[in-house]
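Scrolling down, you'll hit the structures one after another.
In the two complexes that follow, subunit A is the common piece, with subunit B as its partner first and subunit C second.
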Partner chain A sequence: MLDIDSVGASYGNVQILWNVSLSVKKGEIVTVLGPNGAGKTTLVKTILGLLHASSGSIEFLGKRIDGLPTYRIVDMGIALVPEGREIFPRMTVHENLLLGAQSKEAKKTKDDSLERIFQIFPVLKERRKQLAQTLSGGEQQMLAIARGLMSKPKLLIMDEPSLGLAPILVQKIFKAMQEINEKGVTILLVEQNVHRALEIASRGYIIEAGKMVLAGEWDELLANEHVKKAYLGL
Partner chain B sequence: MNRVNIVGIIVLIAIAIASPIIAGSFFAPPPAFIGPEFLVQIVAWGLIIGCIYVLLASGLNLIFGVMKVVNFSHGEFMILGGYVSYWVSILVGLDPYLSIFVSMVVIGLVGVLTERVCFRRVLGTSKLNEIILSLGLIYVLQNAMAISWTDKPIQIRSPFEFVTVSFGVVRMGLDWLIVIGVTVLIMAGFYILIKRTEVGRAMRATSQNRSAAMLMGINVERMDMFSFGLGTALAATAGTLLAILAPITPQAGAIPALKAFTIIVLGGLGSTIGAVVGGLVYGLVENSTIVLLGATWKDAIAFAILILVLIIRPTGLFGEKEA
Partner chain C sequence: MNILSDLRKGLKTPKIYLPILLLLVCLLIPLFGISPYFIHVLAVTFFYISYSSSWNLLAYSGQASFGHAAFLGIGGYVTTIFTIQTSIPWLGLLLGALVSAFAGILVGLTCVRLREWFLALVTLGFSIIMVALTIELHWLTGGVYGLAVPSLLPSVNHYYYGMLALTVFLVFIIYLITKSKIGLAFVAIRENESEAKATGIDVTKYKLLAFTMSAFFAGLIGAFYAHFISYINYQIFHLDYSFWPIIISVIGGIATIEGPIIGSSLMFCIIEFLRVIRPLVETIDPVIKLNYPKIQVLLMGIILVVVVIKMPKGISPWLRKYLISISK
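The block that comes next holds the complex of A and B.
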């Protein structure tokens, strides 16, 4: 579904990503793991066209998407739940959700989408009329995910959804992710929380200093010596 | 709107009306003709001038909110709008108040074109480029207008020029009431567009968080174009109303634009309601200063209040801290 082939990306003169390759197949949960500053967020921004790849290619459903403007990429069916949530603070929860549905198709089915989303996150229904900035951190994360789902994405990319959340909320968010995946949405999960990520993901990639250093099935990664030492503290 | 805001506004309006009177008692003997009806007259005229500022500042504020660009040439778009209405009302013989709508469309399109051809190319390259571009536009527009229509002041003749309406003791020109009415109408339309429509929602999203708006699938460059067109269309309304109330020249936009900046800082950058309240308060302050202290003091008092606001509440009356 998503095929990234030896992509490089830079901020100004500083190259962040070097020859990064990655693929996601339909229906999977795939995770990208790595420490702070490894280039995970840069990778995600490059996929969404917020940053342009300096080399390599990115294909989605068999079509090149590198070089397209972000709104076209979103239109094709990729949604990003960005790091730090990035909700619209001075708008209501309801307005935030509606903003998620921009494509014609998403607009047509928005009532239906809202209903399904409120099933997964009932708290958002209660808070529908509140300004988004008055929500707690966990609720804001739920809103960000829900807003991403409003576009009816084929691929949902989540950038560190567990960042800054209490463990119980992290559990909730990860459970919601599995539910979303079961409903047919492919998920690319970018995480630092290796344990949790490999619990729900079928495959994983490890990125360090802008390069892919490891790729494999979840059990292979858990058994890997480097992963054990650097990420699991074993 | 929270309580701090409401108290703030009341205090500010009180200062606005009281300061020229207090200052006046120091510098000049109180004018002998101050009576209740005279005070009402001052307030009324202040509100009318305030209407022009509200329209001008709202457009400037929209452009700043969405594009994060300070359009220094906003006053020139306003005057250009005045000239368009002037010519439409003379050449076609359209009622000056109806010519507002023609002028809005024409200037809105000029604005859209300006965004597409000029601003889009420099947006995001550097703040300095944006500033120099919009400063450059001032001179381009001013001189284009001077070449086309000379420097001679022009004024739009309203069909109601000599009609007055009296409310008890107060007599007002019918034009004044129409100016207020038109402003209320246009601002109500603007408010509905921004708050209730899909495009408005997308514009607000772009202004609150540009990259998140992109991630929603919003074409933010199109939002830039819309907001610039809409902002300049509002300026065109202000220009037409100004040209009905007073003569204009190609250079007449510079000072009002400067005041519009003051107003959006006063109201809080990016705040829709802030621009409205700020514009009206500014009109009141300015006008009471002119009457009570003399025209030479008007900018001094007004900008003194601006400095006061910046010291006490730097985010403006309705401004919020950066999220």
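The block that comes next holds the complex of A and C.
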């Protein structure tokens, strides 16, 4: 579904990503793991076209998307739930959700999408008319995910959804992710929380200093010596 | 239709009666035999309400123009030249608005890539270019002497109603825009542009749309204003005309519908008040008598500074907060 082939990306003169390759198949949950500053968010930005790849290619559903403007990529079916719960704080929950439905197709089915989303996150239904800034951290993260779902994505990219959340909320969010995946949405999960991420993902990649250093099935990764030492503290 | 049901709901709440009452008063005023001077002043106030509203629509999308007079003037010149050349009345208004909107697209194309002061400089520069152009193209524009604008309406009362109708129309259209999907996208871009982009909003398209619509409205109101004051020269592109909508919107409340209405009304109350007390003040000192116009500007400046310090978001948000606090 998503095929990234030896992609490089830089901010100005500073190259961040070097020859990064990754693939996600339909229906999977794939996770990208790595420490702070490894280039995880840069990779996400490059997929979404917020940053242009300086080399390599990115294909989505067999079509090249590197070089396309972001809104076209979103139209094709990739949605991003950005890092740090970036919602629109001074708009209502409802308005935030509506903004997620930009493509013609998403607009047509938006009532339907709303209903499905409220099934997964009933608390958002209760708080529909509230300003988003009045939500708790966990609720804001749910709103960010829900907004991503409004575009009816085929692939949902989540950038560190567990960041800054209490463990119980992290559990809730990860459960919701599995639920979303079961409803047919492929998920690319970018995380630092290696343990949790490998619990729900089928495969994982490890990125360090802008390079992919390891790839494998979830159990392989958990058993890997490097992963154990560097990420799991075993 | 969400908007219609919102309106229906609105009719049941007391909030809607204030604008209706205000509109009724405005409709009845000329029937009370008020002096033509005052009618003229009110019509000019309406002009500033609609002109500032067009500027404010751009601000609604998080962009600021420091040379909005360019669009005002383009509208004015196009209708003037067209009406003189063809003697067809009224059509020039639409033509002026369209040419202005086209200029808006051109300026917007460069501006959507810029932010803050760069954007401010480009728009400001554009209005200054327009001054040079109108002076140089004197075979078309009359150069520094300007042009007499053919009249469309027989009396100041007619213009008063024309300006009122245009203002109500524009404010209402802008209200509808801000309540629509487009308005939602504008707010998202204003609040967090990179996030709006990541959500899948075509930021460039919407910013350009805001520029085009704002220029269209400014051109339309500029065209009617030219017929109203019956004379146009390069001074329509002057800084004054670019900065008034900013001052009015800042005082009334940036990116609110009622901001320009409150701002314009207040500014003209102040200007008229300063005019009325002029004979009194001038008796104090001959220096004051000589420099009174400058003192007027100075006083306006002081008021602006006080408003910005005391109510940084303008009067309207402050008033809303105040009304909520006393109703509790």
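Just so it is clear, the second predicted complex is superposed on the first by the 234 of 234 C-alpha atoms of A that agree within 3 Å, B and C clash if a C-alpha of one lies under 4 Å from a C-alpha of the other, contacts with A are read in each partner's own complex, and residues count from 1 in each chain.
Just so we're on the same page, a contact is a pair of C-beta atoms (placed from the backbone, for glycine too) under 8 Å apart; a residue touches a chain by one contact, two chains touch by 3 or more.
What you see is a predicted model, and the numbers here were worked out from it, not measured in a lab.
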item	value
Room on subunit A for both subunit B and subunit C (clash or fit)	clash
Touching partner for A:6 - first (subunit B), second (subunit C), both, neither	neither
Touching partner for A:202 - first (subunit B), second (subunit C), both, neither	neither
First (subunit B), second (subunit C), both or neither touched by A:224	neither
Which superposed partner A:192 touches (first subunit B, second subunit C, both, neither)	neither
First, second, both or neither for A:133, with subunit B first and subunit C second	first
On subunit A, positions contacted by subunit B and by subunit C	48, 50, 69-71, 74-75, 79-80, 82, 86-91, 95, 98-100, 102-103, 147, 151
Touch list for subunit C against partner subunit A, complex	181, 184-185, 187-188, 191-192, 194-204
Touch list for subunit A against partner subunit B, complex	48, 50, 69-71, 74-75, 79-80, 82, 86-91, 95, 98-100, 102-103, 133, 147, 151
Residues of subunit B defined as touching subunit A within the complex	201-202, 204-205, 208-209, 211-220, 320, 323
Subunit A - residues contacting subunit C, complex	48, 50, 69-71, 74-75, 79-80, 82, 86-91, 95, 98-100, 102-103, 147, 151
